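To keep things simple, chains are lettered A, B, C and D as they appear, and every chain counts its residues starting from 1.
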Amino acid sequence: MRKDVYYGEYLQLDKILEAQLPESDKEGIDAHDEMLFIIIHQAYELWFKQIIHELKSVHVIFNKNEINDNAPDLYKVVHRLKRIATILDVAVHQLSIMETMTPLDFLDFRNLLRPASGFQSIQFKIVEAMLGLKLENRFGKEYYVSQLNAKDKEIIRVTEEQSSVIEEVNKWLERMPFVDDTSAWDGFKGTDDKSTNFWEDYRSAYKASLTQGEKDNMERFEKVFFEKEFTADRRFSNKANRAALFIMLYRDYPLLQLPYQLLNLLLEIDELMSMWRYRHMNMVHRMIGMRVGTGGSSGKDYLKSALDKHYIFAEIAELNSFLIERRNLPKLPANLEKRLGFVHG
Amino acid sequence: MRKDVYYGEYLQLDKILEAQLPESDKEGIDAHDEMLFIIIHQAYELWFKQIIHELKSVHVIFNKNEINDNAPDLYKVVHRLKRIATILDVAVHQLSIMETMTPLDFLDFRNLLRPASGFQSIQFKIVEAMLGLKLENRFGKEYYVSQLNAKDKEIIRVTEEQSSVIEEVNKWLERMPFVDDTSAWDGFKGTDDKSTNFWEDYRSAYKASLTQGEKDNMERFEKVFFEKEFTADRRFSNKANRAALFIMLYRDYPLLQLPYQLLNLLLEIDELMSMWRYRHMNMVHRMIGMRVGTGGSSGKDYLKSALDKHYIFAEIAELNSFLIERRNLPKLPANLEKRLGFVHG
Amino acid sequence: MRKDVYYGEYLQLDKILEAQLPESDKEGIDAHDEMLFIIIHQAYELWFKQIIHELKSVHVIFNKNEINDNAPDLYKVVHRLKRIATILDVAVHQLSIMETMTPLDFLDFRNLLRPASGFQSIQFKIVEAMLGLKLENRFGKEYYVSQLNAKDKEIIRVTEEQSSVIEEVNKWLERMPFVDDTSAWDGFKGTDDKSTNFWEDYRSAYKASLTQGEKDNMERFEKVFFEKEFTADRRFSNKANRAALFIMLYRDYPLLQLPYQLLNLLLEIDELMSMWRYRHMNMVHRMIGMRVGTGGSSGKDYLKSALDKHYIFAEIAELNSFLIERRNLPKLPANLEKRLGFVHG
Amino acid sequence: MRKDVYYGEYLQLDKILEAQLPESDKEGIDAHDEMLFIIIHQAYELWFKQIIHELKSVHVIFNKNEINDNAPDLYKVVHRLKRIATILDVAVHQLSIMETMTPLDFLDFRNLLRPASGFQSIQFKIVEAMLGLKLENRFGKEYYVSQLNAKDKEIIRVTEEQSSVIEEVNKWLERMPFVDDTSAWDGFKGTDDKSTNFWEDYRSAYKASLTQGEKDNMERFEKVFFEKEFTADRRFSNKANRAALFIMLYRDYPLLQLPYQLLNLLLEIDELMSMWRYRHMNMVHRMIGMRVGTGGSSGKDYLKSALDKHYIFAEIAELNSFLIERRNLPKLPANLEKRLGFVHG
């Protein structure tokens, strides 16, 4: 017989609600808003823990010997990435609470926090690392490393050693059947009834779709999909890029719907994290103007430079440059169509 | 010399991030979403703590011997109620995260939680009590009481003993100068150049504004503003109602702007809490259908009945029934106008 | 050679931006906020037009001789219902703009609008009718009918004559293969290795899952899934209910994922429309208190009574009462599992 | 006797709902999502019209001979800027509807729109111009000008000739009493009981508040508040900057509350417009990748460069760099305090 569960005990509210110790209280300074400052950061950390919980389960699924498309594996990945996006959406919205603290209210306790800083949120760094942001690709990595204590640095190192979502997605795309499997394309006739190779056919169709100012795109097309050297230092290989484009083009087929949602969610997560950084940057700008951050950073300027470098899945977004109009899409051979659908009868 | 502050220690993340112990883990049952269930409730409790922090400071201000309109007192009350509204807005939005948990996912661990229930959130009850919801006015109070342990019942009892926001606002409205102060109205000439009494004049103007189907409103008008017996068991006295209407009508004057914002924020908070209950009810309905709540309540039906009874500031909303068109408003005497503005020169 | 397209002409902004003629202007009355009142209603009507555009395409798909699960048919239905949900979410949020108009600002022009009223939004009625709300099931249908002119009444009558989403979904559920197809269940062994019939097996499992207070649910179970008389006057037949429950229980299988999303979106749309009505009701309450609506309705009370009656897909939500824990779910026979997945090899 | 008003006629829905003519219809091409594309842009244009309506009324108020602090003038300005912020918030949210259109869906009709482009939204340019963005300060002004037809160029020229919000706010700040009025400071004793000049005193206090890395801020302090040459080519004069800082520091006093809200709203509007541009840029990036915009722009890159240059009120945000802790603020002389409050007795 199980013991009765009581709400407050189940949630361990004694720990949660006793964990606010304003520095201003210790100093006997009146700073009403420090409580808000503590609580909103704790709320963020709770959500980061949840995001890590989801990312860990995604990691486990992607590292199974074989992802079973007929079992809930891929569905779970998609569902959990969707949840992460929903959490990030609330996280962005939640900044509106922080914005009720005016610059003067913040000054009441700001100097008591030195040299602590939001850069020390190790969980946020773990989220970025699990998604695939490498320390070496971070803006201002020296500053960033200098902010962390030894234990936290080690945590990041260990996290980076494991495969990240971006690497796992690259592998999963490379394993995607059909794309490079000649037998699957048996009977393919191309747009012009002559070509028997999908990619040759698509190359012509894409070329035909370019306007005057876009001629350079052709060169890029070759690099992204066919030049090994080009993708050597990128996150996605030629093969993975081809698979991703194939998914984007034919996502109407049942088998490709979850894969398409997955790619979309990666972009959505990237955008939401970017949005979070952007609103956060604006808020910091409004809060401290051109003063130095509590942790000694250059404040707004640091955050701004990080904006662009910290996109993780930009290579996927780039693939949208290589779409053509649906009505010009090469028709798939009957046998392949069948394999992208369900068994009937 | 102060000790260096480190982010994780400052926020006591060791406590916050170690406070998730899923019941399913104890039982060796696989229930991925119980982590979400715990964390979202903890996030809510953090926000409730913040709301209580704000309400306590409002309580202190309202209980000063005299609220100083020329010092930041009233501004602080307004600013903090505004923050509470912002938090509630995020709290409503946050339900979208809970909605990513499907009914089947919830069933994975739902039975392990009995007889715990969200009704046991003592902080939410404190928020309601501090605003002014009395235990005796709650829907299903027997059930409600039965859910709490002795310690929590005592906390509610003590909270109810202190003055609540609604009582404090009533007193503050009763103290509002001008409204019933005949000297302030010196020189008043009324709409028709005859009446010398503001309320007589307004009564006629209101009567003239009513349409066919609204004749009963006149009787209500008398009750709300002038019949002691009627307001005896209500939260706002006749006098407070008159002051509140005066504020609504002449809120364009500088002195009345903060008071107007205050009244508006009380309505906004009521609506947001109602919205929270409503979306929560819909979510419960979708999650458990017509099954009994973990705490033994009738689930959705309980929540639905609570919707209407738990409006706290409905009497203020009702006053909007007694407005008239701005262009028909009686003009204030010059001396009173001056007192509602600033000193110049 | 096509003519160059220019932004303003393409969008016909001459029509759109010249369509605001405040009544207060005609009367020479100063009522700054009437412009807002007109524009927000026009924005709503644009969105209603878009929703109708999506619903029409859903209607066309559902009325094809056969919905092709291997072509984008079902995907399109899901994608467009999702868009409708997104629009409704913005529509709810958009009320916050209306809320910047205070009751006194509204009074500046309110009386000039009689007897017009939001009840006369024929497009919103069309949306409700296309989803499946029948005139005869509306709260206060006499009042509702009295508000419309002859042309608009005729539009509603014609809309109701066509099949609605709820009827189309019922038919689509009835067509769902497997559920009642004995050959599909070949090899089924049930939880206890004895039962050979899925529904017998499930009935026992569900019964075992009920707690003390839920014994009545068993009777309901029989009615919903097996008693023809019971579903005679409901929107979903026994057969459709069984199919819907099957989808909910086994939505992890690839073939059932889009169907599951479809059912979920219907609930989401219902909730968002309900949320819209609820916030709208609160706003009306705050705006006019207990006064009569411009169209002569009882204002808030009317809206409140409509809240509950206007849920369209409540029967689907109810099915969540009949789920059991995933770990107790009867295992599907191998052949059926295969048919719920993709062809491989 | 007025004619009865009917909802659809009042809103001129015949114009509004007949103004959608998809180019794909003309070409007989199936492009379901072009309707969405048209309607969302029309909804944006409606909101831009509303914003212009509010900005025009703000312009009228600011150009009265004297803004009357005791009449609703300033309150109206604040209330209407607040409404603009609320509209922009919905406008940002509304992008989520556009995001339900996938890149492939857009391609169905994208090429039919050339060379139209969102850059041709003349109303959005008017909003920017009315707030204070000058053509000469726009990123890529040649491209921008090349997009507009002669009539629209003329509209912008005329709009720029009138005073903009930023110029009006500068003048209004310069008119702010007290700040430079020595008589108002009679009895001022400074933090150290020695200084008799507020700004000297504040200069010392600010200097004392700077940390190691912030020494350059002192030079900036002098420039912003006291060097005429520095502010010669800026939007805010030294005098206006001093008044704005004074408002930020002493906003707790009744007279300064509306002015403080006004400054805050300008920053909020700037941020929301920036957020709109940022999310829009991300969406364009996702939609067309690295392809050229329909109007021939460089697409995402153009939008990105515009982000930073198009902040209008950055000079106000910068003032937050010059705050000091509230507990170190110089105390105002009694007489000034009185003038910042209300008349009593």
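Heads up, the rule we're going with is that contacts are C-beta pairs under 8 Å (C-beta built on N, C-alpha and C of every residue); 3 or more make two chains touch, one makes a residue touch a chain.
Just so you know, these numbers come straight off a predicted model, no measurement behind them.
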Worksheet, complete the sentence: The larger set of C-beta contacts, choosing between A-D and B-D, lies at A-D
Discussion item. Can you tell me which chain lies farthest from chain C, using the average of the Cα atoms as each chain's centre?
Written reply: D
Worksheet item: What is the distance, in whole Å, between the centres of chain A and chain D, each centre taken as the mean of its C-alpha atoms?
Response: 31
Worksheet entry | Whole-Å separation of chain centres (CA-atom averages), chain C against chain D | 39
Worksheet item: What positions in chain A touch 2 or more of the other chains?
Response: none
Worksheet item: How about chain D: which of its residues touch chain C in the complex?
Response: 2, 4-8, 10-13, 15-21, 23, 32, 35-36, 38-43, 45-47, 49-50, 53, 57, 79, 82-83, 86-87, 89-90, 93-94, 96-97, 100, 112-123, 149, 152
Practice prompt. Please give the residue numbers of chain B that touch chain C in the complex, ascending.
Written response: 29-30, 103-104, 107-108, 111, 211, 213-214, 217, 220, 248-249, 251, 267, 271, 274-275, 278-279, 282, 285-292, 296, 317-327
Worksheet entry | Contacting residues of chain B [partner chain D, same complex] | 69-72, 75, 252-255, 257-258, 337-344
